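Take a look at these structures.
In what comes next, chain A is part of two complexes: it sits with chain B in the first one and with chain C in the second one.
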Partner chain A sequence: MTDYIIESQGLTKCFGTKTALFDFNLAIPRGGIHAFIGANGAGKSTFFRLLLGLESPTQGSCSVLGINSQELSPEHRGKIGYVNEEHTLPSWMTVDAVIEMQRSLYPKWQQDTFDKVIANFDVGLKQNVGQLSRGERAGLNLSMALAQSPEVLILDEPTLGLDVVAKQAFLTALMHTEMDANCTIIYCSHQMEEVERVADNLIIVEAGEVKYMAAPDDFCQRVNYWICDFETKPDKVKNLQCVLSLKNIEGQIHIVTIDQPAEHFEAYLLANGAASVVAVPVSLDKAIGAVLAQNHRGHELSA
Partner chain B sequence: MKLLFLTEWRRYQRLAGLLVLLHLFLWTIMSNFVPTMMMHPMKQLFLLALPCVGGIAFGLISMGLHRRKNHWTFLVHRPVSIARIHLAISLANICFLFCVVCLPILLVFGFVDLSSNQVVDIRHYLTVLHLFALAICSYFFASYALLSPAKASFMALWTLLLVQGGVSLPLWQIAIIDMSFIALSFYLAHKSFQINTDSLLKNKGFVLASVLVLQPFVLIILMAASGLYYHLPLAVMGDHPNNNESLNSYQNFISKDRDQSFQQLVSLSDHPDKQTLYRQLSLSEFQFISYKSLASPRFQQLFTVAKDVILVEANQEIQWVLSHDKRVFIGRHNKTDNIVGYMGTTGFYDTLEQLTESDKFEQAVIVTDNQFLQSGRQIYQVNFADRKLVLKHQLPAGEYYTKPIKNMFERTVIQSNKATYLFEQVDFYFASKQLTPQHRVTHPNNLPSYQEVILSEMQDGFLIRYLDPHFYGYLQPGAQLKYVHHDGEIDTLVSYAFTESHVPTVIAGQTFVMSPFVMNIVNGLVPSQLFFANEPYHPYQYVWQRELSLSLLLWIIAGVLTAILGTLVLAKYLAWSKQTCMFWLGLMLIFSLPGFIALLFLYSLPLFRLWRTNRNNSPKARLNTSFKEQRYV
Partner chain C sequence: MAKTSAIAIQIATGDARPIFRQIVDGIRKEIATGNLQSGAKLPSVRALALQLMINANTVAKAYGELTAQGLLESRKGLGIFVAEPKQMLSEEEQQLRLQEASERFVNDVMYLDFSPEHMTQYLLKQLLQLQQKDENKS
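Right after this comes the complex of A and B.
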């Protein structure tokens, strides 16, 4: 058995003239919750579609459970749960009919798990699925996905469009469910507080490439936030590769850097015109925001 | 699978209920205008359009709803094989189509059958089966068109025209055609229902079937194309053969005024009465024997094809309808719905039990003038007043009628596959006995039917002109003029072969040049459907019956060679393996140009992408460039 539950090598996917993924190399170890983070159009959903074998790669390959995604058998699909942002369910059926159908399809169905998870949501079994609110549908979807006892569970922006209460219920259900230790969850979201709360590992995707992959704490340590007073324009600092962002806020220069030892950079700033330098603790939200903003800035410049 | 079936079924069950009620409502409205079991052009159109339009619309809607991104993932990403998912969905949707298209018709026919004395035969119920087959094919073709990665697959919907069965065929042939098309459409829909359709065009069986179902559309395109590259430019320049009156071609000949074309033939004759006939022709009348063909009437033809055979008696109050099951006419009073009697070949009877097997009709008949019943070999006259049937004329063995009865110049004219019969009209209508024809004019050659047979009355007899584009063989037009004297003598005035071609061989025989194999399927498997619609007895229906000229053979070979060369270029562009290339080259020998054009349609998208890629250098370079732009600019 391979050590990695999900792997991709040189994965490239083009749609006509648009390139969604380029040389996408990734290896995700078994177990834990892995958060996929990236701007809209970064290629996250395309990667999931390739992973589930719904699209063919233009170049390269990807595998899940050690099986090439293009060769997944129905048995393998039974081990991969998938919850999408729309929470697609047959809206014309009643909730218990949907549950009955799913239960009959999945041999490892765990009714206990289902009951525990669904208890977090106010879902009536005799209700029509079409009458459920978005949050209730999300809950039903998550309950069914977890009850399938998947080895891999892909959650593609599952809390998108949910209100605070529904989001809270969803995350509680996800966090507090006793899952198989081998179950690997791929969690894709734009909500940094959610990611911070649930993720064991961050995978930051940028313009179709894996940019960073690290544990949230490790990633935060790699990012530094500086507030400085400059007497002259910090043009030299602005062009440094390690600088993710540089902003002038009320006369003070706010700088975010990555992979730059703090003591070296402080000395560099002082040597290049900074009158004072203060290091500020950086949150995951700000760190990721700076990384993704850099990419956006790149787009703006190219435009 | 059962639950998947139920899920899909429940999705449309309310809609199905609603549409069943609507369909029944439409039948109720129609029955106010035309009796339920009587065919009418509007009803015929409705019955044929309903399964086609319904099947296509439902196929597109059903698959379109499933094909939405997340819905597709929800449907196919589960521990069930994709084949079983498709089967479950297809079964549910076919049940829907049965309920909406067939069930109301069955209910209506069944209700009429049980509650009235209207004639309801097995053929009526079999028609529902045929319509069901049509609906299934339409549904599968639409599913295939929607799911296939090649958008040209939508053109495969034209193929449904061949399943329509608008012509009279034996039931076993209709059953074979229906089953073949269901199998073909199911195969295409089933193959195209894949988790990922990207690699579908690499499947040889799928592409071959797609090429096959695209043939009718490609044929239409190719035929229409001759208008663009030949007829239109010549018409614009004023050099079209239609404008060249000096060209003595078949097409120019038939477009001439009747008197002129008759006179042209008479002038070529060396008959002693030539001058007299020539002068008389300028004042003569001309009448077609009939454009209509007697399309081999047979029992148990589908309700949508066979016209109702009805005789009306006593101020429209009693209708005599031919029952295909009982092989007799059943008389029914319109207002009281009571059965008034039965009519067989030997006369009228009060009960069905009185008729023996020999009293029943051997063949289905058509009705002319509400009194003549014409089968393949016999013509009966019905005399309601005396309650009897008279055998008016019977053909010898091996001969059959090809045209219905027609009255002209105080004669009744009937045509068989061997001769034209002329009777005194008065005798034909009023003599109560079997008649001997006044004239039996044998056909000029072994053609059973001609495009045009025109009669003109002269002072001492009739002129009969035979004209056909295949008179002397396939694509060898000719004409013959016969002079039938009143005293019984028959002279052949002239036989004429049109040697000047109206259009080049490649245009004249273009349908055949395209693909002998496909043309044979169209003409043979589904005869008369497109090209010999009015000529069910045409001897050139099958490929082996046609003697092809050397130039036509050369054009056929040129067509095949073009297809082979094109396929080689395609193979190079698409980097086909040697095995794949050989496979398609072999098939081009059979499919010729339409096959190659269908291949081009199917691969248009991959080819377009390749062309764009090549324009921007290599794919890798393009990928690198696009990313460099995003990351480093």
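Right after this comes the complex of A and C.
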């Protein structure tokens, strides 16, 4: 049996008439950093809440560490770290008191891990939590999540709104965790620069479904960018399934394709009205952007 | 214990070249220009990952490729080192690389006002200097 740390089968979640997730199937192997990418409202946070057992599925099921999310015991929960963008903490408590509270909740608390991670952030222990900046709260939350030595760490847009220093401290702490701890990291972010730096694996989610799952370099190679001159209108090309986008920029046609062998497509373009074709290399952020934008367009058409 | 050499490379995100490829190219260049000489000890995977703020697996993959190309060698328990130069490429592959490199060079210099003689002289001087550096070392 392959060791999947997170799995879901046919997972569906409806809120009233709104479907947040539909037939969501995913299997994430143990180890590494997995980046969750998708537009706002794509269903990422709903998926995390279902995983943690904070919501119950309408249909299907999901599991963490091989345990059904609906049956997680406190002991299992201790192995799952979760940091979300809000960085919510009781504002009236001192930092000291919050740490003490967490320590008492988690039997596997590692004080040296906590000390090492928090050292990246300038957090005074006697301060009230309410006085901390967003970056300091993020640091405190991450340090506490890592100190419970989780087997899986879920980070839901952890660096949103952080300044450069806090962001770099956060990433550095994350790098250490990946290298030192036996921890699988699920990293959800809109910051393509961070994703490119840290991700071993991309999971692209759109409209409540997993669209692509691939290593970043492999994913990049599946996307091609073409600049062509057309003598006729490129209508036939526009409707091909592999075409993510087709734009006219000052008379030249710019086309982005996915999963279409380059040599085939070049020949196809030349046979279908293109006078000249140039292939341009694609960066990861462009490739991801093209995929997400196409799905946006798909919504408009079906709406 | 050998002292670790600093690696003066930068990586850029949003580039069409994957980060892994940028590291491979960067280290190749450092070796080619003599900034990293054979026998030099490279930072550990972990140290370079922290320096560049990237995933350690990416650094490991780049070191792996450079090792497969014969530019680096891993010494058990000691670390990763720049290998003694030995040719890993076939005659054909070398010819192809020479052709590509000279096309790039010609492309870069074709709009300059120098004569072909001047430019070849200059190129020759640089190549001889590199050779000299290598000989001094051994």
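By our rule, the second predicted complex is superposed on the first by the 293 of 303 C-alpha atoms of A that agree within 3 Å, B and C clash if a C-alpha of one lies under 4 Å from a C-alpha of the other, contacts with A are read in each partner's own complex, and residues count from 1 in each chain.
The working rule: a residue touches a chain if its C-beta (ideal position, glycine included) is under 8 Å from a C-beta of that chain, and two chains touch if they have at least 3 such contacts.
Note that the structure is predicted; figures quoted are calculated from it, not measured.
**Student:** A:Val282 contacts which: chain B (first), chain C (second), both, neither?
**Tutor:** second
**Student:** Contact-wise, after the overlay, does A:Tyr82 reach chain B, chain C, both or neither (first, second, both, neither)?
**Tutor:** So A:Tyr82 only meets chain B here.
**Student:** What is the contact status of A:Ala199 with respect to chain B (first) and chain C (second): first, second, both, or neither?
**Tutor:** The answer is second: A:Ala199 touches chain C but not chain B.
**Student:** What is the contact status of A:Ala262 with respect to chain B (first) and chain C (second): first, second, both, or neither?
**Tutor:** So A:Ala262 meets neither chain B nor chain C here.
**Student:** Once chain A of both complexes is superposed, is A:Thr17 in touch with chain B (first), chain C (second), both, or neither?
**Tutor:** A:Thr17 contacts chain B only, not chain C.
**Student:** Looking only at chain A, is it chain B or chain C that touches more of its residues?
**Tutor:** The partner making contact with more of chain A's residues is B.
**Student:** Considering only the touch criterion stated at the top, classify A:Thr172 as touching first (chain B), second (chain C), both, or neither.
**Tutor:** second
**Student:** Would you check which partner chain A:Asp217 touches, where first means chain B only, second means chain C only, and both and neither mean what they say?
**Tutor:** second
**Student:** Applying the touch criterion given at the start, work out whether A:Leu125 contacts chain B, chain C, both or neither, answering first, second, both or neither.
**Tutor:** neither
**Student:** Which bits of chain C are touching chain A when the two form their complex?
**Tutor:** 13-20, 46, 49-50, 53-57
**Student:** If we count contacts the way the header does, which residues on chain A are in touch with chain B in the complex?
**Tutor:** Residue positions touching the partner: 12, 14, 16-17, 19, 22, 49, 52-56, 58, 70, 74-75, 77-78, 80, 82, 84-86, 88-90, 92-93, 97, 100-101, 104-107, 207-209, 298-299, 301-302.
**Student:** Give the list of chain A residues in touch with chain C in this complex.
**Tutor:** Result: residues 32-33, 168, 171-172, 175-176, 178-179, 192-193, 196-200, 216-217, 220, 280-286 of chain A touch chain C.
**Student:** Help me check something: in the complex, which residues belonging to chain B touch chain A?
**Tutor:** So the residues of chain B touching chain A come out as 3-4, 7, 10-11, 70-74, 76-81, 195-196, 198-199, 609, 612, 619, 623, 626-627, 629-633.
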